[in-house]
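What follows is a pair of complexes built around chain A, which joins chain B in one and chain C in the other.
The block that comes next holds the complex of A and B.
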């Protein structure tokens, strides 16, 4: 019995590595964990909640250059990514002219289409003309559909954004309370059971999980048959009840899986914190262990949890591909995959750029939240900026490559 | 009970902690600060404070996660409630509106509405005969019938076609459709080399001699012309209308495009200005496109859509008779196992013949549910020139081995080939071919790629050994006469027979010449024709007259009605 906490702490540290989480997430967690562990003597952390007001005052003077630096990093990262996206897409075989031409096109017809679309221009010319359009706020016109990319994305986001928000809400509602319970539960069996559930639920492919939910709740096909399992109402959010109902099963399918993964992050973050002296000290001060974990531990682990949740949200924007496909939802991921399949480079470029901007913005938000949640970082502002900018860049590069390779598996 | 339980639990926990005393070592001040706050708030001894604290987890401090749990329950409850009320509403409204709208499920989606530049049968299916109309139309036996033109005369030498248009034809924008529009559409087709411009082979000129008469002149007779004018080559557009053809469609057909979103849905509404006999019986037709066949089958089972076409027979056969009809339609789809005739080792006819003998088409058809038809050559039975050629290369593994041995292959040095095909076709078919060819001693590597990659590598660059495509175009024998097509098949006899066939003014003679040419292609083992793909359709019993035959290329929506 005596060796139990140490053992489970070890298990928790192994867990995030063993699971198939995106590399970027793992990187972010270890990085934040590093900050938590090494940056400051513990006395400061314990003192800081009581001395927040004078420090917040000093903080105003620090933040101006920090924000500027952070934005500069943001712009550089965005430019680099635009170039990377453009280059990666040109490595794919085929183009929109071939796709439109299909299996009956003569070489002359394809060449004619290519010229109409401007695909016969040199790459640097194409890149610069796209970049200048984007800088003027014009995301271009889809080579395949002939519709404005911005408008197309806007329509699709009406489905995907609520889906990701609902999915994240489900994930947080599952991940945080159960993650805490997995550390504080008195019964070792319960803790173990939660851990096993998290591993099992977290490794279910979204396709299976979604199908299972359809078989249980899907209207017309499921056992209970209460929720629609197909499509999005054509009137969109003008019928809010129907729209919400059609997102319920998709949101649950990604939310449960992400929630299970989040549970493990929360648990391991809390176990890490429990290894520090804060919990012991809080207990000496009179709290029970459960109280100490919830009151002190959760607060200390908050920055890591926020990082993971932020990235989970951003990666949901790409992770919804399978779910949107299964539930026949006309969302952003479906649009991106179809444009990629159709080699609509102009549309894909702009869409991927928007997506990587989302990652960068999430990085920025997470970073600001770190500062709000972890007073120790206020002294080391510059360090945080570089590290998070880097992480966001890694993450969005991962999106580009997963988008480029992912569609190959899809059929 | 709770009291004692908690105290003992806390005791075990503190003994479990590996470093219970560490905080005291260097941080005495802070620790006592913390302790004194706790003590002050409780206003009692340490034991008392522990006892008091111990009760709280169940009351106050447990709240954060309890609240979250509550939040989940509330969210789920709201969603379920919304779904249930919405379900009730829907059940109430469907019966009232059935007569006026229908939702059809399809598998392949067009990418935009520009039928003049974009290929693919999905666009033909959506627009031809429904939104745009052709000079001629086709019946369910794939024969040319009057369309915009009510009659036509052909000069005795077969080079001058005179078309007489129906009276009072209007476009959906109110413009009259006259001979000028017809002549303009055809001359635009030819000068801009739009899709199927080559379907008017030997085009010389087109002229409107009066408001309702069009004269089309060819350099040489062309026996396929009339059928070809039932498709894209015969479509008539409004010469005075200015619109973005990718997102809008202005035609003379019984339906208008209300909205279209690629890979999602198309919504058509009845054209109130429609001029002719093919009046729409259902006011609003929505076509939903499903990339995932599970999703499509769920949609028809749950009643979201009333018909579904283009999915595997096995996935829907259980619906037959349970309020649904399931039927396979005749079609001109040829599932072709293409050989790169221009690339070694497939330049060797023994190798190609060995592959044909090694393949057991019947077992492939059986594995797919047994609805497809055997096809021994390049022409399916709905097209002119059809002849049953399935006996030419019966399944015979020994013969295949013998031919391979003659060609210089052995067990120690087997023939190795790569099959490259688009991932729109199933993995199963690749697996079956691999195992069938393995029985004959051929090592097949399967490379399943994206359609765009296939277009680039196989179709454009001819970089492949074997490939697999469903060529669904009707009247497409010409691809076997073009050595530059990706088949790389070059046989002067076939080319000359085809030339004679299309130049013939006698239909029977043309058909027999085509049949000869097709037999030659099959004898040369220019490819293996795995089967004539028959499209499976399912429809709810309330749907009447759903077109089953050829519905992937021509889907007359105006025929459909609701009981």
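The block that comes next holds the complex of A and C.
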């Protein structure tokens, strides 16, 4: 570290206390520590109210591992979401038979079409049939296009998933370093400027931000004209350079806005940590304030930042619909919106289920990262952790509902 | 002087918290700073260490080992902190890094200031744990797995591992029960004396102060109200605030006065034991 004195650890100034203490004291201390070592195993030395309580012997606590509890919650949440998605879509007016029949079809023709598509069966039968197919890896066939839903989703995810990953990478690359700088910069003007930039950039609509990027960087239309602004290569990722270039502007569009929001979040989390004794203790040990914020504050704020980044990634999967339309990308969000407009309920419900599973997986990953980042959670009771999972499920359900009602269009 | 504070003013842009405080700590001396809650004691310690909250600023002069602290660059202060001057806070549960082991927390000042390889670092940390009567088996435990008294011992071990010349303790026993308070104070005094270091002991409890210091300053509303020998001040306080604090220390004594408790080894409620 800078300013570290070039002196050996053997120097008198760093002599351990035990050496500096009188010999008799040292012997006493050593003996005491030795006795503790032999008579008190680590588990007993650790504070453990349960092990000290006589009641602890009366009850046998079977501690289910966190991962198992979390996976069980995942399965329950997925089943609940599948039921919610199915029920919610049936509440919407119209169905695929009406869309296919058009306005000229008689009620009898529509009913015949409905029977052919299996839409006249009772809802519970339809639900269980769909669920059984999904569990066997069959997402069904689009009632409008006649293509396998799984194959359609797979093709579209080749665009949307990398777009969301790139968008998140841009957001993290902007949000975390600038968020730290917004707290640690010596210049108050710079700190204020970063704060204002974050507020402005975070409130720009994706459509407007995307248009601005096209006007600056778009090939053929932009001032610099360096990046493609329309479409995705027909060969897909077989031409990785072109595929990546076609996703650059869309990823910047969503990444800059999300990054600005993340910057504000990181700044806010660090400001909260900044005046705590954790930072004071690190400074007392010999860190500058900036070092303490970066090395201790950021680590303490990491679980919250991971949560926000996880949710941002998940919401990008549906939030990219505007960007996909703007840049003419054949992505998943566009497919979902088209199927929703066509009342292709079988396709929509499978797509929404996949989306909600993605949200749940993100929640699972975030929870696991929380456990990896904060050792206190490993010893904590499972309630909080389960609550995290529940929160993720609720958030996921909310977004799925918003997508189903077409609110994503306005995003 | 190890520490020389002259005309220190600490406050925000709107109101001062500490006004015109001057105090000295000589080499090897144990000095107390006592006062009721809100009198500005903690802000003085933070101003001395250069770790005031960002909303506060300090004026005047604070010299640690002859180095002026007020207005000094943070890098310069960071070089002093943890090497020449160290500190123990009131609530180690809210100060020790919760995501690192206590071995990491204890060894951090050494790692930041000296070139020590991993094996030697481990050995130094374990020896330091011996010195503060912590079982070596706790080296890889996390702060939340320890009791309050064990955490405070970790904080003391971290504060003393580089053998600093000045240790500032800010209400180090307030969050502890009576028996642990006594043990922690005795441990602190023993280790500080063993190092030949100086101690600035901040507390609101005269009974604890008497056990830990030989001279003290009494604070009231951000100012030094009186100062002198701790024993003499407890016998005959010269100011209302001094008298109130001594009276409080005696009233908190379960059996007899604070001085009786100190001499006779009586357990004190909310104070110290002997």
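Here is the rule we go by: the second predicted complex is superposed on the first by the 339 of 411 C-alpha atoms of A that agree within 3 Å, B and C clash if a C-alpha of one lies under 4 Å from a C-alpha of the other, contacts with A are read in each partner's own complex, and residues count from 1 in each chain.
As a working rule, a contact is a pair of C-beta atoms (placed from the backbone, for glycine too) under 8 Å apart; a residue touches a chain by one contact, two chains touch by 3 or more.
Given the structure is predicted, the values throughout are model-derived calculations rather than measurements.
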Which superposed partner A:374 touches (first chain B, second chain C, both, neither): second
First (chain B), second (chain C), both or neither touched by A:194: neither
Contact breadth on chain A, by residue count: chain C or chain B: B
Partner chain in contact with A:269 - chain B first, chain C second, else both or neither: neither
Which superposed partner A:287 touches (first chain B, second chain C, both, neither): both
Touching partner for A:221 - first (chain B), second (chain C), both, neither: first
Partner chain(s) touched by A:172 [first = chain B, second = chain C, both, neither]: first
Touching partner for A:92 - first (chain B), second (chain C), both, neither: first
Which superposed partner A:277 touches (first chain B, second chain C, both, neither): both
First, second, both or neither for A:106, with chain B first and chain C second: first
Touching both chain C and chain B, counted on chain A across the two superposed complexes: 1-2, 4-6, 42, 46-47, 277, 280-291
Interfacial residue positions of chain C with respect to chain A in the complex: 46, 49-51, 53-55, 74-75, 77-79, 81-83, 86-87, 89, 91, 94-99, 105, 108-110, 112-116, 120, 124, 127-138, 141-142, 144-147, 150, 155, 157-163, 190-191, 194-196
Residues of chain B that touch chain A when the two form their complex: 6, 9-10, 12-20, 22-24, 27, 30-31, 34-35, 37-39, 42, 46, 49-50, 53-54, 56-57, 61-62, 64-66, 68-69, 71-72, 75, 78-80, 82-87, 90, 111-112, 114, 117-120, 192-193, 195-196, 198, 244, 246-247, 261-265, 267, 286, 288, 290-292, 294-296, 298-299, 301-304, 423-424, 427, 448-453, 455-457, 459-460, 469, 471, 473, 476, 484
Touching residues on chain A, where the partner in the complex is chain C: 1-9, 11, 13-22, 25-26, 29-30, 32-33, 36-37, 40-42, 45-47, 274-278, 280-291, 296, 299-300, 373-376, 379
Footprint of chain B on chain A - complex, ascending: 1-2, 4-6, 42-43, 46-47, 92-95, 98-110, 112-113, 144-147, 155, 166, 169-170, 172-174, 176-178, 180-181, 186, 211, 214, 218-221, 226-231, 234, 239-242, 244-245, 248, 277, 279-291, 294-295, 298, 325-328, 330, 334-335, 338, 341-343, 407-408, 410-411
